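Letters A, B, C and D mark the chains as written, and numbering starts fresh at 1 in each.
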Amino acid sequence: MRIGILTSGGDCPGINATIRGVCKTAMNHYGMEVFGIHSGFRGLVDDDVIPLTEGSLTGLLNMGGTILGTSREKPFKRKNNTLTEDKPAMMLKTIEKHQLDCIVCIGGNGTQKTAAKLADTGVNVVSIPKTIDNDVWGTDVSFGFDSAVSIATDAIDRLHSTASAHQRVMVIEVMGHKAGWIALYSGMAGGGDIILLPEIPFDIHNIGDTIINRLKKGKPYSIVVVAEGIPTVNGKKAAQYIAEEIEYETGFETRETVLGYIQRGGSPTAFDRNLATRMGGHATELIAGGQFGRMVSLHGSEITSVPLGEVAGKLKLVTEDNDLVVQGRRMGICFG
Amino acid sequence: MRIGILTSGGDCPGINATIRGVCKTAMNHYGMEVFGIHSGFRGLVDDDVIPLTEGSLTGLLNMGGTILGTSREKPFKRKNNTLTEDKPAMMLKTIEKHQLDCIVCIGGNGTQKTAAKLADTGVNVVSIPKTIDNDVWGTDVSFGFDSAVSIATDAIDRLHSTASAHQRVMVIEVMGHKAGWIALYSGMAGGGDIILLPEIPFDIHNIGDTIINRLKKGKPYSIVVVAEGIPTVNGKKAAQYIAEEIEYETGFETRETVLGYIQRGGSPTAFDRNLATRMGGHATELIAGGQFGRMVSLHGSEITSVPLGEVAGKLKLVTEDNDLVVQGRRMGICFG
Amino acid sequence: MRIGILTSGGDCPGINATIRGVCKTAMNHYGMEVFGIHSGFRGLVDDDVIPLTEGSLTGLLNMGGTILGTSREKPFKRKNNTLTEDKPAMMLKTIEKHQLDCIVCIGGNGTQKTAAKLADTGVNVVSIPKTIDNDVWGTDVSFGFDSAVSIATDAIDRLHSTASAHQRVMVIEVMGHKAGWIALYSGMAGGGDIILLPEIPFDIHNIGDTIINRLKKGKPYSIVVVAEGIPTVNGKKAAQYIAEEIEYETGFETRETVLGYIQRGGSPTAFDRNLATRMGGHATELIAGGQFGRMVSLHGSEITSVPLGEVAGKLKLVTEDNDLVVQGRRMGICFG
Amino acid sequence: MRIGILTSGGDCPGINATIRGVCKTAMNHYGMEVFGIHSGFRGLVDDDVIPLTEGSLTGLLNMGGTILGTSREKPFKRKNNTLTEDKPAMMLKTIEKHQLDCIVCIGGNGTQKTAAKLADTGVNVVSIPKTIDNDVWGTDVSFGFDSAVSIATDAIDRLHSTASAHQRVMVIEVMGHKAGWIALYSGMAGGGDIILLPEIPFDIHNIGDTIINRLKKGKPYSIVVVAEGIPTVNGKKAAQYIAEEIEYETGFETRETVLGYIQRGGSPTAFDRNLATRMGGHATELIAGGQFGRMVSLHGSEITSVPLGEVAGKLKLVTEDNDLVVQGRRMGICFG
């Protein structure tokens, strides 16, 4: 068998580890040939395909980024397809030319959607979820998330000393447009006093009261962790908006930090490396078993898979009954 | 309600986070009073008990070790009890004196056993599993494990550069007397070529062949990860034994490293902090609900609990059908 | 002898280590009594002073922030002194009340200035430079700098994977209002392609050309490290301004990250701990030897001291003949 | 000009960064051609030489190990040269064949010795010191040392939690056969209570007394940092010997850890990357200026060079008047 592999969407720690997982199992166990497709679906459109060998896999396990490159190309988007350029057809041509029996698509929600459409055209597709945001529906966790949470937690740890030394409120903005998973997990792990997620409405007066109550208890500083996707006004960024509101409400000196792109770069955690390896290996199993049109997923502690059609178009969001939210509230942490 | 809390057995990253979790929920949500018992069950025998306040909890989330101290005291062991010293009775006296409605016992397998016996004497007990070895039966994962795996993986990462620069075999010994979880997870995450666990028999000729085959494929170095508990001869330590055998079999320059105590110290990973927090909070829930005689556990992604009586005396071991073992073998990694 | 110790200005990794250094030498070797003054010079004004014991020093070596707290109080600033409040007199009163034979002032440029003025009023003063910015005149290096450079370098390392995966220009802004030391050292250590400092004028066309030339050499991404204090227009922040200009000049997708407060928090590096320890110990030596009015300094690899009067009001800036700038240019790195 | 570059002796963080420094300056600034010689002097003997291009340098700055490989080949050692194999002559032949105008030798004390002998045969040689042990004479610091100290300090940090939780003595053995630099710097940075170096004689009774005195002051645990090269009896390893002696003297539970090879692997610290970069660039400057037979060195904060002949055969050891030893003693740390 000959399989193609591509990575699409934002980069994320563990992509290279999962490429390695797919390939090692394919090459060593099943004798498959593997081809790397460059720059996501764009490489499938443009026929940018090279064979991968075991030598290509050296050093991949702990390397950030993706050796295949990535793009946000959406080949099925109408306006992307002109009279002179029929991207779906071009992809099929590339697949035929290289006689690829299956395409492994590694990516986030957008990628799963495109992968499902590609499968609908009759191509054999197996996909692997990949997102630091942890918002892909159908899997308990995606690799990249633990790494992002680790980096954000480390940053929050560092802010404690400044907050305490200067008796300040420190607001830190972490990634998460629609889903607040990183804010929730890093906020709880980093000892945040207030944690704001896109999914849970907040009342700025309540936040001010929390900070003032802490002062009354002898804690003249607070750590506020906010997801970038919380609602703000006048197009302000999350951290800036919340910092200004807190200063207004409490009169406390308040400083903001936007963590940004460092959350998605660098070497994956051990947890993410193993999750990525297992998911990669399982993708190859699916191919070997002829189980196409599926996305690999983590369910409890088992790796399994779900139909791509069920995943596409959904988002996995934090809910009010999430255990960490419930426990956090009981411990006295303010979620809004 | 008044609850006592103790930590027993080897120290492990996340103990302080779980103490914090128990206490914050108990104090803030349920208005319970919490008492710290020093040095494990020894403090219960010797009446070494102090009240904890919210002030006691500052800085605990990311602090290694245990603020309560620990010991390997086994108060129900016959020979530990003399005519003049009836330890079980002394413990009951301490519990009565402080009017403790429940004892929270945080520890590994030995602790669960003692906790079960304490429960058998009629004391209300709730326990929390804690071990870097991940060998407590009844929970998918214990906190401390992810931290130990992280440290070990980081160490293995470092060995790659020496192995490659000097074209050597590097053998690294990680913790795990009976269970090879750390070796399996750090070995896979660190890119080990050979991984030896107490649970999987190995053939030294096969190991030698693996190393020689790697040379033939142009890889003149190898990383071997061994659990301390694999069988050896003449009382040799695991790493030393394997390194000597490999040198004998292959003639390759082989070097050993014993990772030792640094695996159990220092700040817990974000993963372990959240697991510890959730488990601590859940322990308090159990107490509030009057559900005694139970050990908190992680099942899939949910925190739940199991009867203490079912846990005691069992070990959770790696099995041949463990997904990471199966996937590792397909990828070409040698498990013996 | 009785000495007082205060920390003033922005917090910085290593302050607690230097407090420990001052105190351990003072207590163990010279039998001095040490008093902690809270919140910088404000504690001297307000008589917020407590005795320190060896017990106070536990855990300080690797702890971020400052256990004494800090403030930006400038007691000699005219407008800070009203008819009813003569801050210099109040400080003298506090010093007399506690019979302090010397005040150890730990801080950056502002602190050195205030310390010099305090010395001018006849008080025995010894100061220790402390700044992540490394801009205190009279010392080769200040503690805190190596830690800040480490954090910034780690962040730049992470950006490489995103830059490369997405073929983007990544702009990262690090601290440094007047002095570009952090940008220079982290930019060089992190493999920055373009490094912009407040001290070296830059030409945006030249920067654009550098990026385009890299593309021509097959490197379709670049890392740009900028100090926050570089000149911009319309009050834009450094990273935003440079990112916009680069997009305009080159048409390349460009993303910005502002590293912010995480650069000054958390545990100091081993280098900073030892520098802080040595400087603290040396401060006590100066006191024991009656050498007042001096700032401890690192000169080459030796700890020595310089007259406070020579330090105050000066800034240590990067110059064009700095070895790292010269070497960087020869290697092909663009400084503007 | 055409230059050859080789790395010899034990691997060490920063080697690849210094290779990059040599090459970038040589290629970009001076238009020199650079050739990589594999496996140290063995590659010069065996003519294992390949041209390096700018592409070869990608990713080198933060990569551990050495892309050129290394060996402990000593081509001038009599017994290494047989009738049929005159290694010095073979090296000259390789140098002539590739028309190399200068050989850059990167290594520790052994390498400097060989480099000096090579220079004596009339070859143009420039060398760069490289050792985690920091024992090369003629330079204040070598790259690799700061990285090793960081790793060791991180390990000692971790041991504190176990020592404190279990009220134990923890003995950690770090690298340093003849010179105790790593033990001194990591011991001081990690908060060691007792630090033993090969250069400073120790009295085991004194060590026992120190531990007992700490108990009397309420500190029932101690951290002991030992260099591997301290004198022991019966061929015991340093940590084992000291741990046994302490248990015998004090009756305290004592545990040992041997840090081993992880000290020399992995990514270099920012400090080491910049030192390595500067030293590499300076080596090329020396070549461009025709200044051969010299070793690059750090003197204070300046990069300069010393004659190779003065370096060879000497060792830089810790002396009793070392500032960190003197300060440590005043603070109450036991050096024996």
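Note that in this section a contact is a pair of C-beta atoms (placed from the backbone, for glycine too) under 8 Å apart; a residue touches a chain by one contact, two chains touch by 3 or more.
If you're wondering where the values come from, they're calculated on a predicted model, not measured in any experiment.
Visitor: Hey, how far apart are chain A and chain D in touch steps, shortest way?
Guide: When the steps are counted carefully, the minimum from chain A to chain D is 2.
Visitor: Touching both chain A and chain B, which chains are there?
Guide: Intersection of chain A and chain B contact lists gives nothing.
Visitor: Report the chain pair from A-C, C-D or B-D that duplicates the A-B interface, where duplication means over half of the contact pairs agree by residue number.
Guide: Answer for A-B: the repeating interface is C-D.
Visitor: State the chain with the largest centre-to-centre distance from chain A, centres being mean CA positions.
Guide: Most remote chain from chain A, centroid-wise, comes out as D.
Visitor: How many angstrom lie between the centres of chain B and chain D, each centre taken as the mean Cα position?
Guide: Computed from C-alpha means, the inter-chain centre distance equals 35 Å.
Visitor: If you average the Cα atoms of chain C and of chain D to get two centres, how far apart are those centres in Å?
Guide: Chain C and chain D have C-alpha centres separated by 29 Å.
Visitor: What whole-Å value do you get for the distance between chain B and chain C if each is reduced to the mean of its CA atoms?
Guide: Chain B and chain C have C-alpha centres separated by 41 Å.
Visitor: At which residue positions does chain D touch at least two other chains?
Guide: Correct list: 157.
Visitor: Would you please name all pairs of chains that touch?
Guide: A-B, A-C, B-D, C-D
Visitor: Given the complex with chain C, which residues does chain A contribute to the contact?
Guide: 7, 10-11, 13, 15, 63-66, 69-71, 151, 154-155, 157-162, 164-167, 170, 255-262, 264-266
Visitor: Mind pulling up the chain C residues that touch chain D in the complex?
Guide: That would be residues 21, 24-25, 28-29, 54-55, 61-62, 140-141, 146, 149-150, 152-153, 157, 185-186, 188-191, 217-218, 267, 269-271, 273-274, 277-278, 281-282, 284, 299-303, 323-324, 327, 330-332 of chain C.
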